[in-house]
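In the two complexes below, chain A is the common chain; its partner is chain B in one and chain C in the other.
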Partner chain A sequence: MNAARKGWLSSVALELWLPVLLVVIWWVASSQSTSVYFPPLSSILASFAQDWLEPAALVKNLFPSIQILSIGYSLALVSGIVVGTVLGLVAPLERATRPLLETLRAIPGVALLPIFIVLFGIDVEMKVLLIAFGSFWPVLLNTIDGVRGIEPLLLDGARVFRYGRIRRLTAIVLPGASPQIFAGARTALAISLIIMVVAETVGGSGGIGYFLLAAQRNFAINAMWGAILALGIFGYLLNIIFRIVERRVLRWHRLQQARLESHS
Partner chain B sequence: MTKLDQSARVPSSSVRSARSANNRRGARLLAQLGVMAAAIVVWWCGSISLPEGVMPSPVATFGTLAQLATTPPFWTAVGETVWTFLAALVICTVVGVPVGLAIGSSRIATQSTRLVFDFLRTIPPIAILPLVLLIFGPTFEMALVVVVLGAIWPILIQSVYAARQGEPLLQEMSRSFRIPPLWFVARVFLPGALPFIMTGLRVGTTICLLLTITAELLSGAPGVGSEIADAKNFLDTPRMYAYVLVSALLGLLVNGAFWAGQRRVLRWHPSNRQENAA
Partner chain C sequence: MTIATDDITLAARGLGHAYNGREVLSDIDFEVGRGEFVCIVGPSGVGKTTLLRCLAGLQRSTAGSVSLRGQEMTEPLPGVALVFQDYSRSLMPWASVARNVELPLRANGARRGEARAAALRALTLVGLDEIAAQMYPWQLSGGMQQRVAIARALAYQPTLLLMDEPFASVDAYTRADLEDLMLRLQRDLHLTVILVTHDIDEAVYLSDRVIALNGRPARVAEIVDVPLGADRDQVATKSTAEFAELRARVHGLIRGSREATS
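== the complex of A and B ==
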């Protein structure tokens, strides 16, 4: 017990010393800085606290981002999984649509911004749709691969036991594909963050991207650094949430893996 | 549904003769062309039903593209984008892979750097664009900094994993055979790590291209991205669509080149052997 706690402590220390050291170095090195672009960390943190820790400012700067991100990302997830499952199960359809999908996927999501502005205007719908479109592809392609990679024996078995179509879907196809779906969803999350920031530089609905642009135009370097910091923390938190959800949903998978490994 | 379902799984169990395989390939190609044609028809219908100037017809877009392709500025823009992309990819690879492998070879280094890399990786690289733009202006250097800072993380982190994937048995065997360290690195360690490095490079390549075009689009650094922005400012939708199409073609080209390269580099790997057998 004691040894375990000691091991845990030393591993935490091992993970933390470098980040702490880097922050200290940044703090000390920048404390006397007169450079316009690299202000002292202390003033960056002051600006960060003002723009991102006060409730009113948080509502104005972060909530619009969370709103469009969550709607756009959910749209991409749902449509990507549904379409991907269908294409994964119906091989001829998948083969026929593959070149079209590859072409559409190759369009960098951000390059569509001007097209989406002309088509849908500069409001929330445009931003949601752009996020959804850009992050749809990794979910779709990974779902297709995941569904196609399911052991055929399992599907045959399900047929022998006369599983209905829906039961086959929920008991075999979706769980079997879920590790791959999560891999796609993780890539999609990173892409949707980028598109979110870019889309928010258009129009005046607030959000992190809008804040960054305004700070750049006003030459407010401290606010800009603060926003970069906020965006990093926001992305990090999203990743942690993602990891928790993934661990929960794929618990059976990890357990199974562990069991297999201990047997081999 | 069930019917389609079954026909989908026939190829795996049936023995196919060369002729029926040929027929199948022809039918597949026909279906693929049909889907492409259908997509273009949908695009065309959309361009007619929307008010003028919102969405150009496929004919107008491809016509503009053909016209653009005869002008030098078009090729300059494509060249700038490709050059930025390649330079960034080379920097990311040359820095990311060795550093990642070195860190991954030591458990202490891996654990110490994990939080830092995790944090830096999640910052959308676009966030630093305003700052870099103020420092460098809308130039090649600016685009390069943004792209490298965004795309290096998947390559580096995947290389860290790659170094940790080595089979312990191979290490012990190399030691008992007294294989010299350099030999071990070149013949055992690197080949073992290569598949994982390639995964990182694939993700990194995609991100490199995405960021190159994004940086150009937002900052006006010369390239395909800034041409899209320029066409938008003039409300010249056919030119805008043409350049978006070019960015998609670049993406396809890069993907294709990567797969071809990977197949060559990983010829020995089971995932390729299986593919070749099928």
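== the complex of A and C ==
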């Protein structure tokens, strides 16, 4: 076994020991439970397997969630990066809109659910827009900071060497702001997951949130716990995908930071 | 010394600059001919960087004008390359060395393949190989990084190469190496170079002419011809009587001004 593989295994072990331990404790502690609200883990897992591991059930329960999350989150990313880049480059515009942006950002996305229902109904469009709106802010504000923080010498160089507008944007501004854009995108992902669940409790478009609320209303307590488990695993997998993309795109940044730390 | 009109690469005429009404440069007048190596020398804080930014077209002077081959420089014109003092900030940390060097070419319409080939040739000229070309700039030593910045300027095939204190952030040995590299490149490629420095030895060692700045606001104290020939050596040249005399003269020009103003 080579060193890299060994390192990977030990990092997986480091990540998994606590969840595994907690599941074991849960399993043992709940095995004799007769409480309606805290059923034995074994029966929760049986219900989980039925609702979330069967391909047909998985598609039915999870696909609507993935759909609204991916569209809403993508909208937030694209609009946040575009608007953030413009505001980051045009300082007077940024100063003029900052107070408004800070106010809007402070409103939790889920608090706007009633307004969004009035404006956009209770279907997929409303849910997508609510996710997009709520997770737009961290992307926007981090992009602004990232763009404003670009090394001025790089911009001077771009002027002397006569880069066109597009080249300056793609070769200097966006890569330079990318570490902060990713920080914003990470926060936005967590927010969009929360809004997704809340938005799905409205209307009948399905998804994890809908399933969760329906299970609770029908006193299907095992199914309810199973849905919570599924939600946790879903969020965790999203985070892993995010980390893989970030590691690839920000490889230079990670290596450079590691080098700076080892030298100081 | 007069330069034939056709050979004038850069001319500063009555150049002056003020920040919020406070004048830092005043009535700067000089010409740089094609193929010349000219150093602008002056004490720290005299406004050398402001002057260089005006020469590069990065900043508009508040008085007078700068022209490149007869064309007034109100914005960066084609054919001007710039090497900054701080290599750790002027190179893109997210791009490989090769990409850093080829980007100005790509931005000016070169195809991917030819830009890469030109970048590798320029890197070879400054003594960097293909392994270094694949690395990130910050994985190299300071001197190597400044070589990358020089290669980026060379690949651009500049009409005028401007250098702002390019060797001020490296150690003394690296500095001597880079000075000799610049002398060799300037001679072999017939470059026209304007280098700004606060180091009198460096200015005299590298230049065909030294433009000495002094005073507040800074003016041209004198333009000193440096007839030391094309073949220069860190030890031999610097130990000649001629070098010592030139050095003393430039020193006097800069120091004399301080006594006059304080």
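One rule holds for everything that comes next: the second predicted complex is superposed on the first by the 239 of 264 C-alpha atoms of A that agree within 3 Å, B and C clash if a C-alpha of one lies under 4 Å from a C-alpha of the other, contacts with A are read in each partner's own complex, and residues count from 1 in each chain.
Following the convention adopted for this analysis, a contact is a pair of C-beta atoms (placed from the backbone, for glycine too) under 8 Å apart; a residue touches a chain by one contact, two chains touch by 3 or more.
The structure displayed is predicted, hence computed values, not measured ones.
Asker: Check chain A with both chain B and chain C modelled on it and let me know: fit or clash.
Answerer: Once chain A is superposed (C-alpha atoms), there is room for both chain B and chain C without a clash.
Asker: Touch check for A:A111: first (chain B), second (chain C), both, or neither?
Answerer: First partner only, chain B.
Asker: Regarding the shared-chain residue A:L154, is it in contact with chain B (first), chain C (second), both, or neither?
Answerer: The answer is second: A:L154 touches chain C but not chain B.
Asker: For A:G232, using the defined touch cut-off, is the partner it touches chain B, chain C, both, or neither? Pick first, second, both or neither.
Answerer: first
Asker: With both complexes overlaid on chain A, does A:R167 touch chain B (first), chain C (second), both or neither?
Answerer: Second partner only.
Asker: With both complexes superposed on chain A, which partner does A:M224 reach: first (chain B), second (chain C), both or neither?
Answerer: first
Asker: For A:W252, is the partner it touches chain B (first), chain C (second), both, or none of the two (neither)?
Answerer: Second partner only, chain C.
Asker: Please tell me which partner, chain B or chain C, touches more residues of chain A.
Answerer: B
Asker: In whole Å, how close do chain B and chain C get at the C-alpha level once superposed?
Answerer: Minimum over all C-alpha pairs of chain B and chain C: 6 Å.
Asker: Looking at the complex, which residues from chain C come into contact with chain A?
Answerer: 56-58, 75-76, 78, 80-82, 84, 86, 89-90, 92-95, 103-104, 106-108, 136, 138-139, 156
Asker: Could you list, by residue number, the parts of chain A that touch chain C in their complex?
Answerer: Those residues of chain A that touch chain C are 151, 153-154, 156-164, 167, 171-172, 175-176, 178, 252-253, 255-256, 259.
Asker: With touch defined as at the start, can you tell me which chain A residues reach chain B in the complex?
Answerer: Residues 11, 14-19, 22, 37, 89-93, 95-100, 102-115, 117-119, 152, 155, 165, 187, 190-191, 193-194, 197-198, 201, 212-213, 215-216, 219, 221, 224-225, 227-228, 231-232, 235-236, 238-239 of chain A touch chain B in their complex.
Asker: Once bound in the complex, which stretches of chain B touch chain A?
Answerer: Listed in rising order, the residues are 1-2, 4-5, 7-9, 12, 28, 31-32, 34-36, 39, 50, 54-55, 108, 111-116, 118-120, 122-128, 130-131, 133-135, 203, 209-210, 213-214, 217-218, 225, 228-229, 231-232, 235, 237, 240-241, 243-244, 247-252, 255.
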